[in-house]
Amino acid sequence: GNSASSDKMITTSEISDPGTTDVQKTTSEYTIPLNIYDRLVEAITVSPGKSELVPGLAESWEVSPDGLKYTFHIRKDVKFHNGEILKADDVLYTFDRMLDPATKALNTDFLDMIAGAKDRMDGKANSVSGIKVIDDNTIEITLAKAFAPFLANLATPAGSIYNRKATTEAGEQFGIDPQKTIGTGPFKMKSWALNDTVVLVSNPDYFQGAPKIDGVNIKIVPDAETNRIMFETGKLDIFNLSNSASQIPQFRDNEKWKNSIVSGPIVGLYYYALNEDIKPLDDVRIRKALQMSIDRQTLLDKLYYGEGQLVHGISPPGLLGYNPELPKIEYNPEKAKQLLTEAGYPNGFDMEIVQTTDSPNTLKINEAVQAMLQKVGVRVKITQIDESTYFATRQVGKLPSNQNEWSADYNDPDNFFYTFFSQKNSKVRSYNYNNLEVNAKLEKARTMVDQTERIKLYQEMEKTIAQEDAAWIPLFALNQLFVVQPRVKNFQVAWNGWSSMSYYGLEIVEAK
Amino acid sequence: MNDASTILEINNLKTYFYTDKGVVPAVDDISIKVKKGQIIGIVGESGCGKSMTSLSIMQLIAPPGKIAGGEILFQNKNLVGISKAEMRSLRGNELSMIFQEPMTSLNPVYPVGKQVAETLLLHNKHMKKAEAKQKVIEMFKMVGIPEPEERYRVFPHQLSGGLRQRVMIAMALICRSKLLIADEPTTALDVTIEAQILKLMKNLQEEIDTSIIMITHNLGIVAEMCDYVYVMYAGKIMEQADVYELFDHPKHPYTEGLLKSIPRSNVQQNKEKGLYSIKGMVPNMLNLPKGCRFHPRCIYAEDACREVEPDLVDVGEGHLVRCIKYKN
Amino acid sequence: MHKIQELGGDDVNRVLMKVRNVKTYFPVEKGMFRKKSAMVHAVDDISFDIYEGETLAIVGESGCGKSTLGRTLLRLLDATEGEAYFEDQNIFELTSKELRQLRKQMQIIFQDPFASLNPRMKVTDIIGEPLVTHESMNKKEKDERVAELMEVVGLRKTYGNRYPHMFSGGQRQRIGIARALALNPKFVVCDEPVSALDVSIQSQIINLLQKLQEQKQLTYLFISHDLNVVRYFSDRIGVMFVGKIMELGPTNEVYDHPLHPYTKFLVAAAPVPDPHERSKEKLILEGEIPSPINPPSGCRFHTRCPYVQDRCKSQEPELKQIEGRMVACHYPLV
Amino acid sequence: MGHYIIRRLVISIPVTFGIALITFILLNVIPGDPVALMMKDHISADVVARVRAQMQLDDPAYIRFFRFIWNALHGDFGVSYKLNRSVSSLLMDAFPNTLILAISGALVSWIIGIPAGVLSAVKKRSFLDNSIMGFSLLGVSIPVFWAGLLFQYIFAFWLGILPVSGFDGPEYLIMPAIVLGWSSAGTISRLTRSSLLEVMRNDYIRTARAKGNLELKVVINHALKNAMLPVVTVMALQVAGLLSGAVITETVFGIPGIGRIAVNAIQNRDMPLLQGAVMFTTVLVILGNLVADVLYSLLDPRIKYD
Amino acid sequence: MNIAKNMLFKKEIIEPSDELVKETFWQDVFKSLRKDRMAMAGGTIIALFILVAIFAPYLAPYNPYEVSLDLQFQKPSMEYWLGTDMFGRDVLSRIIYGSRISLLIGIVPSLITMLIGIIFGIIAGYFGRKTDFIIMTVSDMVLSFPSLLLAMVVMYTLGASLLNIFIALSIVGWAGTARVVRAQTLSLKNKEFVESARAIGVKPSIIMIRHILPNCIPQLLVLFTLEIPGSILSEASLSFLGVGAQPPASSWGLMVSNGKEFLFNAPWVAISPGIAILVIVLAFNFLGDGLRDALDPYLKQ
């Protein structure tokens, strides 16, 4: 019986099958990894939209004053699902595996700051010089350069720790074959019917105590409406409204469900990227005009039913260093027109907005924005291209303007600022924003050890990038909404959104 | 005229087609009589209503066609208006038919033996299949199908035209029908095969003593097979007579023309003169000429012919003609 | 060009066409999948001459290869082997351009007046098509010529812009004849031109063909299975049986004194339109026509021949000259 | 027959090869990059370049193509980029689901289509004919994703008698099969109708009537078997077509089948997977064709393959 | 009795009597089509939709592209007959304008399909042998490639645009037409009138154009009317998969697939374009069936 009402299994759904649970080989779809593996450090949600780093598999750690050397003390009582005891060697193995070219890992960015990582990746070394096992319970990691968010970085799903023996034995099947996919987490993989269901069962030996539920059925349900009907007929315990924002009012206004909605802010935001290589977007006046011609409040109200708040810079609320004092970007089509005229485009200009073919939600924003820009004379053409082309074009810095979302991997401004505007990433993300001063500051901020100074620097940069240079158009940070069957208790919106949903704390209480 | 020897009597039969272009009087008031053991012939050109006459007897006229009048007395029972069930019990049993196209008249997906047996089983509710098969094989032998046991199982396409027509004949005669309607049974066959089939029919007729209505446009076949002949033209009978009488003393100009226009092998024809031919062509059934329907093609036509439709008059010895020249 | 020995007949008439050892085989396509193992021997080694101005009839039962022969001689089908000379040109060796030229000289009239006219073309265009194809005529000249042709075949010229389905079978056959005659050919293959027609119409068409032959000195290869028509219409007759010519000679002689048993039975089988004849015991040929895919060994007719001898089963008789005629029989009925 | 089948299969080799080539070319002229796609928003130029090299994606196209063909000939269709699994096992896992769906969908379409076709042929141009044809054409005219949603709404939401989505038992099959079957019932019924009408004109039908058969028996015993000949061909092809054509049904009803795999493969530029899926379905269609021909020959005594 | 004397050389004109059928082929077909009520209803609806498409700017009460989020999801009312969508655009106006794209998507690919199919089909059928083998092998490939997937791949390759939809649907569709035309050509090729043209010395290319093509037209016409609804539905499927018509254009398929998510809270957004598709598809089907019935005797001549 897989139905939601039976026993103490939770049934949830995903739009598409993750394909693999090996976090080293995927850069998204972290829900299952988060529940079956643990990390040295964990980022937990302390209150809606707020997170904190807490000890995970490492019960404590020390950082050298120069911020280069990290020493982790690993718990002694942790058992893998296969019965193996966690040792420092497993950590070494895991991180080495990520950097080993044979793995063809996609998430190397999370570890490539470790000393010797580059050589390992390029096949010049057989091990990573910066990782040392001191004893079974102690591991020392040396960085090539100071990297302030390193701990937060390790707390991402990409930092999940594997078991050397099980992983080596599993070979290519690791992360795929449920029986061979071994972690230390509160849940174990039981079965996996591709494109149908993944079943997780609770791990009674979990080092923090067994979960209160028996397990989780994750159904793969590609169609949003099907999802909804499944939820309403009790076939799902949790319904994620983020894929069907249009259903929000339905549930909000529904007597039966309105009290079952769990909502929370997430550390993430919606934005438009502007490619400065494409004329006339190279002109800051144009970019500012665009910022001012979009009525972001209306977008938020009409397309997302007000569930969220506007963002005027780069950091969304909840992110370390979020600046609530930041001046607001106003909606002012008159001024926008004036700016356009100043820039030499009194009659507006033609602009292309691209998006991927199968993202109806993006299309809605784009269509609305298309109409808004039309009012100031900017003629927008929406081009839908397939995801593959989209990313391939973006990678070489040629993608026209596009709307996108970003939610935090780890709670640090670096995850936003550096990701978008560093010299390295500005091209890959097709901004082609080249403010050398900012570039230098970004590199510097990474290595700063003094957190207060560092935050100040970020807030300064935020003003420059988002408001003076208008390098992008921030839109808003949305709340994440879920409708949850009444029998499910303790449901909490993860600080950074659905993709990092942990089921560990959930409980099931059958109503009498 | 209800004497016991008359098996079929058609009186004033009218079969009309109600099409959107108008009414087609395919069979227009014809009367035919068939005696027991007699072979009567119906001749006429294409489209003159021969097949429709036979289908009317079988009550197989499909819409938009309809029997618009007259009666068809088969063994003194009027088939017009008879119940469907009653008609079905007659079809294939007392009254059967052979069609022109042996190639297409057999169902391609069933073995021929089975198709013949079907008729038998349909009309003999208690007959066992094995018995039916036995009878069919006997019948096959009788119609001259070599190796009848093997042939029972073969499919129509595996047989030649002549054999298929034999199967059709076996099917028609398997219930020893009283009346067999043969609608151009040999048109699709070769001369040598045609001769075989005609001979076979004649023999069978003598043996089983059925009556036959032989429909054809070939005067040669009529001369060879029939006792009494009806000549049809545009839905009407123009002349009817004993076969010798008709060939020796054709009275209607149409019959006369038909007989003359056949190139004869036994008469030395004068090539310089050319063949005799009837001018013009068969009229459109939707728009028949006024008066005698043959008058536009008739070399003797007078004014009167253009006005009144002549009656069929008896000129003695069972010879009837529909021509103004003959009045009683 | 080598000299070809002439076959049979007197030398008074000029030979228009010489046919030598022509074979036309068709690969048999079994089922949906083409497996070309067997061949239909539709025309199997046939030789004869056609004289200018004569009507040579070919008779035989269905499937014996009459049409195939006619079509091969016009090169509408490619012969498998053999030669055919039309006024000393081997038509099997012509290039497609030469062939198109030659087509003005030789034409064909088909059996089915329904299938032989393109239902989507107007009568003028049907009759005018040969003119447009071969002569650079302007529209007016063409229309005049078409009108003339229509008149010749007995069609009212004002009906030129009608479609074929508006005509009766006999009229359609006339259209087909007009089309065939448009380029003033010398040689016309008539492939059962009257068998689809009613008796009353049939004689009209035969008369027309005869009239045209006289007026235009046409040579006909007249294919038919109606022995009565053939007897009336042809000068010489060739009797075919399963791809071969069994007997060839002047019509009346062949009819009155058949030398080949098959001819004898064929002639006897035709129903005679005279009831007085019926009391006579008819000669009836037993058995079925053999398949042209696997013709019987020896004489093809031996399986049905009442006079069969052992030799007939193994040795194939050649077409020999006997009493001024050609016969392919070991034991001709002399 | 054996020979025939073998030769048919031999003939289908160029077709299969051609399809592999076409798919390959199509997928290679698109500017997309599977590695970039795998990384999505976390894209990094270095990583992409490195992983591409590791995956031998930078080899010239023809080398990759022949490598693919060579491996495919050895039964190895490679490993899906996106799903990290062997393509063969992915397809083999999804195939039974799709097969069951296709067959039951086809069954539904026959159950609706054939009687509808027969009825409307017998009652040609009557009210009954029009309404039956209308009903079966309705299935064709409603986009599948709509019909699916409608059924889910009615049977799962309102009436609560059928499961919404998934593939855990026979009850899960009912709605998808009906939706799928209804959408192709129109084709079947129309074909049955026209084929039957044509057969009914044949002389042997008149013969059957002349024997004294009941009209119903004439239709069923004499006409239907002949009329079904072309229908059967289409039916076999239809099953083959449904195997890959059920993409949308599979999506709406969450059925883990070949169609969804193929669509995902296209979307993810997952070359090995798409190649595999296309080859797989192509072979199925070719087999479907063959089955159709063989069935035809079994039903129609006139056709013999030897 | 006096038999007519020598008739042979008498000049004789046969009157093609006026009693014989005078209608041309199309008049005849049209006549029997007119009696078919369903077909006529279909034809009328199609004609209406075509008129709507042509006069869209005059008929549409609002600008179909005008977004005003304030008017989001207005229920059908006197003001907005069919309500508004999530961008506050008038659904009726969008349907009216959508008819342009949807009809184009129905007709253009079907035309291209026909054209390619005719060319390849006739050539394959007429020349046979190797030409036939090659063309038929290619068409086999297309036919064995799942059609929706093929269309998707093509759309991905070429990018989503109206033109590319035409191309994608044509690439998918031509093979079927080619098969039909080829079969027809094969049967026509042996017809006596084609042989007669060859006997006259007409060139193959002209035979194909003058004699074979016109006789395929009835069949093609039926095929054409049935191809159109197929294309319209394919576009709806492509829209569902995200590669159909591109916004702000309003094809019915796009409207239906976009509106699907509001089927419960704003059903009017999706239902009316859905009905439009349904009606036009049914109309074409009924017309096609009617044509088939009307042409029936000619298809089998």
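Just so it is clear, A, B, C, D and E label the chains in written order, and each chain counts residues from 1 on its own.
Methods note: contacts are C-beta pairs under 8 Å (C-beta built on N, C-alpha and C of every residue); 3 or more make two chains touch, one makes a residue touch a chain.
All values reported here derive from a predicted model rather than from experimental measurement.
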item	value
Chain whose Cα centroid lies at the greatest distance from that of subunit C	A
Centroid-based (C-alpha) most distant chain relative to subunit B	A
Centre distance in Å when subunit A and subunit B are each reduced to the mean of their C-alpha atoms	90
Chain centre separation (subunit B, subunit E; CA means) in Å	48
Inter-centroid spacing, subunit E versus subunit D (mean Cα positions, whole Å)	23
Centre distance in Å when subunit A and subunit D are each reduced to the mean of their C-alpha atoms	39
In subunit C, residues with contacts to at least two other chains	168, 170-171, 204, 207, 210-211
Subunit E residues counted as touching two or more neighbouring chains	7-9, 12, 14-15, 20, 156, 241, 260, 263-264
Subunit D, residues touching no fewer than two other chains	30, 32, 145, 149, 153, 266
Touching residues (chain side subunit A, partner subunit D) in the complex	2, 16-17, 19-20, 22, 25-28, 101-102, 104-109, 121, 172, 175-176, 193-197, 219-223, 225-226, 229-230, 232-233, 235, 357-358, 386-395, 404, 406, 424-425, 427-429
Subunit E residues touching subunit D - in the complex, by the definition given at the top	36-38, 137-138, 140-141, 143-149, 152-154, 156-157, 229, 233, 236-237, 240-241, 253, 256-257, 260, 263-264, 270, 274, 277-278, 281-282, 285-286, 289, 292-293, 300
Subunit B partner contacts - residues on subunit D that touch it in the complex	202-204, 206-214, 222, 225-226, 299-302
Subunit E-touching residues of subunit C, taken from the complex the two chains share	71, 74, 76, 99-101, 103-104, 107-108, 110-112, 114-121, 129-130, 133-134, 151, 154-156, 159, 162-163, 165-168, 170-171, 174, 176, 179, 183, 204, 207, 210-211
In the complex with subunit C, residue positions of subunit E that touch it	7-9, 12-16, 20-22, 24-25, 191-193, 195-203, 206, 210-211, 214-215, 217, 298, 301
